[in-house]
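Letters A, B and C mark the chains in the order given here, with residues in each chain numbered from 1 onward.
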Amino acid sequence: MTGDALLFGLSGVLSASAPLLFGVIGETITEKAGVSNLAMNGMILLSAMGGFAASLATGSLALGFLAGAAIGAAVAAVVAFTSITLKQSQVAVGYVLAMLCRDLAYFLGNPIMGMNGPRLTLLPIPGLSAIPLLGTLLFRHDIVTYASFLLIVAAWFYMERTRPGIMLRGLGENPRAAYIRGANVHRQRYAYTIAGGAIAGLAGPIYSLSVKAGWKGTISGLDGIGWIVLAITIFGGWKPFRAALGAYFFSLLQWLGLVLQPLMPNVPSQVLQVAPFPLMILTLLLVNVGNAEWLERSLARLPEAVRRDIARALSALNATPPAALGVPFDEDD
Amino acid sequence: MRDSKSTRLVFGAGSVVLALALTTAIIALTGNDPIAAYRNIAQGAAGSPNVAANVVVSWVPLLLVVSGVLFTFTVGLWNIGIEGQITLGAIFATWAMRLLQDSAMAPGWVIAASIAAGILGGVLWALLAGALKTFGGVNEIFGGLGLNFVATALNLWLIFGPWKRPGVASMSGTLPFAERLWMPTVSPQSRLAPVPLGLALAAIAIAFTLLKGTYFGLRLKAVGRNPTSAYRLGIPTWQHMMLSFALCGAFAGVAGAVQVTSVYHRLIPSISSGYGYTGLMVAMLVNFSPAAAAPVALFFAALNVGAIQLPIVLKLDSSLAGVIQGFLVLFVLVGNGIRTRLLARRKGAL
Amino acid sequence: MNIELRGISKRFGAVLANDAISLAVPPATIQGILGENGAGKSTLMKVFSGFIQPDSGQILFDGEPIHIASPADAIRLGIGMLHQDPLDFPPFQVIDDFLLGRPGGLIPDRKRALREFRELSARFDFSLSPEARVASLTVGERQQLEILRLLWLGAKVLILDEPTTGISQAQKEKLFAALRRLAAEGMTVFFVSHKLEDVRSLCGRAAVLRQGALVGAMEAPFDDERLVRMMFGKEVPLAEKTRPAPGKKVLTIKTGAIDSLRLRVKDVNLEVRAGETIGIAGMEGSGQDLFLRACGGLVEPAGGQFCLDEDERPMNGSTYHDYMRSGVTYLPAARLEKGLVPGLSLSEHYALAGKPRGVFIDRAEAQARSADLIASYNIKGRPDSAVESLSGGNQQRALLSLLPSASSLILVEHPTRGLDIESTIYIWGKLKERCAAGTAILFISSDLDEILQYSDKVLVFFAGKVSPLIDTESLNVQKLGELIGGIGWETLKEAARA
């Protein structure tokens, strides 16, 4: 592979990660508030379809993105209502919505399947894009890829440095403690679930208007992305930078799969396309195995020095979810 | 308001009405005639003895899957990986068929061996998801989904690789088995086979008996409600989790084997046809109660089969069936939530 | 500021938790609120701190009625509440926890918060690192953090709910010094406790609640006997202490070590004999909970020998279920989380615990067994009652009734935490019955009185260090409180050597 091809490939990895980043950061915000939105997979499909349809109908890309965000927010509002107000299992609600939204996307998107529509154009940043190597890598993208860079930093800054952001972390950690500090837990959980849904909802139009422009129904190749997003959220340990790392790593592997395909002519393309999924299992294994009881038991039999090192390595990889994730909150008990 | 059978019934009926109303609105939104769509589905599901038989054919794997996930739900696990377990059942069944089809064995025994192989495949795949969960801490939803994709890839690789048709591999699957190895049907024209139907009914009966009447079922329930307490009460927790995974995988494996031996007579790319995902929906809708599972599964099968004609006749996507099912389960969940909220409020006011 | 609670009433279902309670407190006072668990102290303080609204009655500051709509409202009015379980954020840095909740702009002024945090902690002689994680602090330090936070928010009234549970004597003294100082500066402190000893040494006034009503008030110096009578309504008959003759060895530990990421417990040498009751004292997180779990195979020891029975059968590497088969059972403090299965009925619990034979559930037999056990353990519930619908005391009785009849060793976490006096006495009665039949009991408790009252010998944990077994006769609350705070260990070792 030539250096140029490699550079363009890596630049492509960055832009292919943009929708994942929106999904992962959106979900991270939602889960930090103590709600998990497992509808992600259907939500991304529906907002991809809806965003494409809106932009096709109006000719406006901006309205396409707006529609995607609105769909994400609407689905998240259902999650919020059923889990915060009605206290139903968030897994059950998420699963049903994931299925429902997927089928809705296929049903409603049927008439616009395969149509040509608007798509984002590249927006090289004048001056910066001329820098050798870095210019191609970082400054020759469309606007959503730039936005995804900003999103990571903004999410980190918000959660670590701002007052409402610190409260957001508190909501998912100990809602009662947040409550005595003046937070309206239910209202804020609603707000963050819906906001997180809107951000994640943008992932849809980023696919259908940029990364994989158009709507191709069941062969869009988007089914499963939402689950990957949820897995990366776990891998990311609910931290924006680590989550971004996970998203980039995932896209890199996917790209490698494509690049390596010609080297293995006997392997059908579908096989390489699923390679990320066993990898997803593997990363979750690494992140979670530290909690396993059998490991603790076997570690206890090792000499102390070795044990300490292994335990330290595992705890560095380990990701602890917000303590009150999925736990309903009552003000007065 | 009282927590009685009749309030539950009212809420159930309300969910159905709301689901239909919303689906109707959505069909109308796309500029189509909802009545025509429903009529088409109804005709597709019950318009002739032939399509009715198809509904039963599709009821069989669904019922098997529901029987399986009742075990995993009872022990508190979301076995989303069941889709892959069906696929592995189908792959193993096909494998056994390919090994035995030229042997001197009687066709009945070949089919039986193939179903046994299917069970093995389903169990192995389920145990893999179970091991990831119990020993690796990987949430069974993600582990299961990942394994589903792997199973699909494995299936495709076999169809396009080692097991491809002589000449050119194609999406239509492997070469069909010899006709003598097809599962016998009620009549030569029909696809309805009595043995799979019997297996499915037996599966739900077994699920009902084990879960409702035995200490094993009670232990599963205890583990599902609170694994820590269950362990402290002396119940081997992870063993019960693995066992319920294995049971679920076994039923899924039968479903996959049935698809291969009695419906398609070969291995095809999307052999699991989403039965696993639909089965989870059915189990949620009946609130994990085995008694209601059979009729609800029949209804879901009717919707799926009925919607097949939609794209041809009305140019509507057949995912409409999934839309109705999704709304139904969603509104039942919402209804449950509202009902418990109202009950709690009433209690508080006492 | 003069504070007056006037006619506060609050009803929950059939229970009248607060019955027209009126109390006036002058400024610069430490007001003790005494009462048994369930007497209505928590409800009253929840009303005062804005968690719940009273059905009737009002609260007046200097004669002006105030309305407290929420906990945040309460702190705006200058009412700060220190909860028994500190309401903080374990993964946060101390300084983030400290500054969160103070109104202000989008970006908090960290530098100013840090400066004022340091000033405040210096004033009370608290040594907290603002960069540390809250999770790494002890319960006492988390209390200190919360007090600083409330003061920083401008609290003029401080309510402390059972603050001396799980903290050392030294931390207690530091806390009391801080409270005295605050009162001297004009603050009003409400000190809620069921410990007479603490109220006597700290408070200038005390009010006693019983069954939702204010039954009496008193000013220092207190008449202990009268206070006790007011609290319980009658003399409390405490069981006579009986000393069992030591039986055969039940549990033997030689140079035992247990390891967790945060703590290492080592060099535990212990011999437990049939019929003995051994209480384990220590501040929360000193290693005693880890140790108790290791005694039942719930945690794998990192070293040494854990052996059962007279023949010292080695048990290292065994699971809890192996221990269970040898007659060891574990009673957790978190009854609904780690002991009972919510959603299952009492009779289903008995069916599960009863080592059933056969495949199919024998409903009639389970029903009969449940009726039996419910009667003999005096549980207020029916065989088909879901366990989560029982009260705490009845849940504890249910757990006891689930114990196999032939236990050699029972390991208990906080046997009576959160229970009223009647249940406490009942539970200990049942436990002691088992001792008389030859069962040994090993229990941890943060209630030093409970340890002194019920154990024959005491084991003290401090930061992973373990004392030799101490005869209960040689201890009192003061001395035990010092030991769990790490004071007086040298003399302990000398005594052991001698």
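By definition in this document, a residue touches a chain if its C-beta (ideal position, glycine included) is under 8 Å from a C-beta of that chain, and two chains touch if they have at least 3 such contacts.
Because the structure is a prediction, the values reported are computed rather than measured.
Colleague: What kind of graph do the touching chains make: line, ring, star, complete, other?
Modeller: Contact map by chain: complete.
Colleague: Of the chains shown, whose Cα mean is nearest the mean of all protein Cα atoms?
Modeller: A
Colleague: Between subunit A and subunit C, tell me the centre distance in angstrom, where each centre is the average of that chain's C-alpha atoms.
Modeller: One centre to the other, that is 42 Å.
Colleague: With centres defined as the mean C-alpha position, give me the subunit B-subunit C separation in Å.
Modeller: The computed centroid separation for subunit B versus subunit C comes out at 49 Å.
Colleague: Please work out the Cα centroid separation of subunit A and subunit B, and write it as a whole number of Å.
Modeller: The mean C-alpha positions of subunit A and subunit B differ by 29 Å.
Colleague: Given the complex with subunit A, which residues does subunit C contribute to the contact?
Modeller: Per the touch definition, subunit C meets subunit A at residues 51-52, 70-72, 75, 81, 83, 87-92, 96, 99-101, 103-108, 259, 261, 300-302, 317.
Colleague: With touch defined as at the start, can you tell me which subunit C residues reach subunit B in the complex?
Modeller: Per the stated touch rule, the residues are 13-14, 320-321, 324, 330, 332, 336-344, 348-349, 351-353, 355-356, 358-361, 402.
Colleague: Which stretch or stretches of subunit A touch subunit C in the complex?
Modeller: By the definition above, subunit A touches subunit C via 161-164, 166-167, 169-170, 173-174, 176-177, 179-183, 296-297, 300-301, 304, 307, 311, 315, 320, 323, 331-332.
Colleague: Sort out for me which residues of subunit A touch subunit B in the complex.
Modeller: 38, 78, 81-82, 85-88, 91-93, 95-97, 99-104, 106-111, 217, 224, 227, 230-231, 234, 266-268, 270-271, 273-274, 277-278, 280-281, 284-285, 288-292, 294
Colleague: Mind pulling up the subunit B residues that touch subunit A in the complex?
Modeller: On the subunit B side, the touching residues are 26, 29-30, 78, 80, 132, 135-139, 141-143, 145-147, 149-150, 152-153, 156-157, 160-161, 277, 280-281, 284, 311, 315-317, 319-323, 325-327, 329-330, 333-334, 336-338, 340-341.
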